[in-house]
Amino acid sequence: MSSSKVTSMRDAVAELVRDGDTVAIEGFTHLICFAAGHEIIRQRRRDLTLCRLTPDLVYDQMIAAGVARKLVFSWLGNPGVGSLHAVRRVTEGDRATLELEEYSHFGMVARYTAGAMKLPFFPLRSYAETDLPTANPLIRPIQSPYGGDQVYAVPPLAPDVTIIHAQRADAAGNTQVWGLLGCQKEAAFAADRVIVVVEELVDEAVIRADPNRTILPGLVVDAVVVEPWGAHPSYAQGHYDRDNAFYLDWDAISRDAGSLDAWLDEWVHGVASRSEYLAKLGDDRLRALRPTPAPSGSVDYGEYR
Amino acid sequence: MSSSKVTSMRDAVAELVRDGDTVAIEGFTHLICFAAGHEIIRQRRRDLTLCRLTPDLVYDQMIAAGVARKLVFSWLGNPGVGSLHAVRRVTEGDRATLELEEYSHFGMVARYTAGAMKLPFFPLRSYAETDLPTANPLIRPIQSPYGGDQVYAVPPLAPDVTIIHAQRADAAGNTQVWGLLGCQKEAAFAADRVIVVVEELVDEAVIRADPNRTILPGLVVDAVVVEPWGAHPSYAQGHYDRDNAFYLDWDAISRDAGSLDAWLDEWVHGVASRSEYLAKLGDDRLRALRPTPAPSGSVDYGEYR
Amino acid sequence: MSEPRSAFSASEMMIVAAARELADQRVCFVGVGLPNIAVNLARRTVAPQLELVYEAGVFGARPARLPLSIGDPTIVTGATAVTSMFELFGYYLQGGLINVGFLGAAQIDRHGNINTTVIGDYASPRTRLPGSGGACEIAQNAKSVFVIMRQSPRSFVEEIDFRTSVGDRISVVVTDKGIYHMDDGEMRLDSLHPGVSLADLRASMAWTPRVGDVSMETPPPTDEELRLIREELDPQGVYTG
Amino acid sequence: MSEPRSAFSASEMMIVAAARELADQRVCFVGVGLPNIAVNLARRTVAPQLELVYEAGVFGARPARLPLSIGDPTIVTGATAVTSMFELFGYYLQGGLINVGFLGAAQIDRHGNINTTVIGDYASPRTRLPGSGGACEIAQNAKSVFVIMRQSPRSFVEEIDFRTSVGDRISVVVTDKGIYHMDDGEMRLDSLHPGVSLADLRASMAWTPRVGDVSMETPPPTDEELRLIREELDPQGVYTG
């Protein structure tokens, strides 16, 4: 575990993300790793099956760039703003070229959980009397061996690669997150390969000082990429705010395929790395997203010898 | 949520623990609330169904005192020492007067989880080719609606009362724990009534400064009892060590029914409260169990206005 | 008739009316969009004790600003508890701890069944909507469900194009025209907003509504309610514009 | 023959032999009792890289002392991760991340099936044993299973009284007499401990064992192994007494 897994985003994506893979870049509003999404676009991966509860702007961009064959999701929108126009362009009417596999939020969370637990299915109290099991035949009724009312089951979801963003990890990949946890832990344990992208690389001692804060052991992590601001325009609790202005701007940028392509040329293909992207954004914009401190306080684990 | 739920152990047990109840005093080695067990003995509750993964000394004492009709468990012993002699006296041969319902650790955890999630069953990969489903017909095979190999199911466990010990809570019952988490969260969410016993009562602001540390919201808590050292001879991470000497001594105390009864008379019936028990133990014994500090360090949540 | 309209917008009236319905409620699961502003207004007015639950994994949020998204950092800092989404949906929602689930909708029928998935055919839809998100499980597991939406003949329809969430647990529907409560499985109009006639309302839906006692119109927004919306909750008019 | 016996006990030989089997292993699920001391000895000798997993919910423990219980505070402080038992059993064990599950046993048969539940009839047993704990799921889900136990005609039996855990994944059984590995579903004796004759061993089990090449006896404990057991791991002789 003490051997370093630290690498660059370019090398991590080149080695661990392959054409045709099922990929989950998870993080619910919080810690969405746009840096990884942009690198996948730059390396022109193709035929990916993209999984996320909320495809968000990161998948709108990746789908517009042509990396995806299929989308597995539960809520398809720009939160508080409106539609994901690039996704709509390939899913509506005759233009429907993107394959969709649709669940509810809990259904997706339960799928990752079944994947992490190597369970053949996960039962939940959703979908009763709705059209969702008809739209997606993988949502199936199941009877309890103890009688009572019927519930529904969803199948496990085990991505080839899960990519998550975190506040910190050590070189072995032991990873800690605070704030919204989403379902990153489940999506990572369920995956064959895991890339962890962090705001800060810390010493193993920092992790071991607060083991209850750890969401992933290095055991399940293949690569650690140090990419501060790698979640922008999403956010990292305590590090920077969500760039809501960009989420609002995206509506206009993405309404037209041409303007979206121009944006990709300028902000993704036009930069070689995340640091170039950040330089382009400018210090003023980043500085304005910095929160004031709100410390958690420290607890005592006690030394027992 | 801001109305206080702080009460005494005597009143909490008097109001919330009733004859015939299904009771779970949970905590895996860590944070076992002996103070609550002793108060239940003093109030002479009867016909309880006691649930715990590891009945441990607390249930050996309660069963010897005659409060229980039935035991639901997964591992019946004095860890690293040997048997629970009082339990053995009422479960072996013709003396078998205590009803047993037996699972594995994961089976018990899954039962509490199903209870917390209001699921009619929980599936797991245990029990294959073992005699456990024969010994306990409530462990049943279930087929996946997606084919593949058969797994087993366990039924939900929803205690009438769950009692947990924690390092700290606020007056509304918002509770935080660090160190071993066992399955206290699941057992509490699954229960109709919840008693939280704490080492320290803290201001709501302490809880809200680190919301990821919260295991229970006050919403599910009925009573908060402030009882420092309430887990002795079990332990509270960062507050005091496990009193292994007592666990070793218990083997001799409990081998003979008479010496066990004498111990109960002296240490449970013979004291009116936990503070009397602690006074009887003496400061030297308690002081020797205090660990040296090992701080977790603080993280930054950030102020977002 | 036109006097109140000059003082506030139909969106403001809808948000205020929805917020007032939360008086005395304890635990509310906050959906994205209009429910988000209505619930945050309620906590500042009629329901200071209201515990806000966000599907992102937050219980007891104390947002210092109105979040654009329902996964904003301001719902985390100072919250009572932050949990994984597995625990939020499993232990809190499916576990039966949510009094009110607050949803928006694209289409609704007279029975309260909701469509947020597609307009047109599912396979090749005219309009692809966001889908369920947590809505279908909120509708099935919250003790009661409130709906807030703008009504029109295209949103208040005889037949919804896709059943995303069932109406069984819906208790109230608040629109830009009036307030409906469920009466034996069907929506009943119980209040018209100021300046809205029954004719206006009927013209804004595809079925003929059951009508209760509408002699008293919805009390208009107070100055304080309008100040909170305009100065604190939505200064940029994202929700009310 | 009696010379080595004066230098170390049969329990010490058993613990040392079990620890050595862990050389090069990566992730070990530590059971209560004898496995606990064997695994902690291995981490101090042949397997410094060994990650200790405790069912209590700990990954990457660095115990500063030998815990009497497997839920001791010393396995928490300085660990890599502490999780709920739901996640430990679900994501780590059932998820397939455990290389070796290390178990003790009261009874074992030639196929490695283990009884830790009852001696005698289940309904009214002669002896009530602890039961499964996590053993039945460790035996089913760890990639390989090691067993450490004292052998006698009452523990090495033709027919176990209750099947608590299946032997399918057992790879090695270490006793106070020798070392067995699984060969086509049956235990095969591969080494006799110093001072133990084949006759001694046969007298300490209820079936006639398959015997491999036992020309080389188990290397006796080194001075360092004995020092670690006697001074650091078990000064009070709880495990070796």
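Which chain is which? They are A, B, C and D, in the order written, and residues in each are numbered from 1.
The definition used in the following text is that a residue touches a chain if its C-beta (ideal position, glycine included) is under 8 Å from a C-beta of that chain, and two chains touch if they have at least 3 such contacts.
Every value quoted in this text rests on a predicted model; they were computed, and no experiment measured them.
With respect to subunit A, maximal separation of chain centres occurs for D (centres as means of Cα atoms). Inter-chain spacing, taken between the CA centroids of subunit A and subunit D, is 41 Å. Per-chain Cα centroids separate subunit C from subunit D by 59 Å.
Subunit B and subunit D have centres, each the mean of its CA atoms, that are 28 Å apart. Chain contacts: subunit C has residues 58, 72-73, 76-78, 82, 90, 94 touching two or more partner chains.
Among all residues of subunit A, those that touch two or more other chains are 113, 118-119, 124-125, 178-179, 181, 185-186, 209, 212, 237, 241, 291, 294, 301-304.
According to the touch criterion at the top of this document, the contacting chain pairs are A-B, A-C, A-D, B-C, B-D.
For subunit D in complex with subunit B, the touching residues are 32-33, 36, 55-58, 67-73, 76-78, 82-86, 89-90, 93-94, 117, 122-137, 140-141, 162-166, 168, 238. By the touch rule above, subunit C contacts subunit B in their complex via residues 27, 49, 51, 58-60, 62, 64-65, 72-74, 76-82, 87, 90-91, 94-97.
Residues of subunit A touching subunit D in their complex: 1-2, 113, 116-119, 174, 185-186, 189, 207-209, 211-212, 214, 216-220, 301-305. Subunit A meets subunit C in the complex at residues 28-30, 53-54, 73-77, 79-81, 83, 87-88, 91-94, 96, 102-106, 109-110, 113, 124-132, 135, 178-183, 185-186, 235, 237, 241-242, 244, 247-248, 291, 294.
Of all residues in subunit A, only 118-125, 138, 140-142, 144-149, 151, 153, 155, 167, 178-179, 181, 206, 209-210, 212-213, 237-239, 241, 291-304 touch subunit B in the complex they form.
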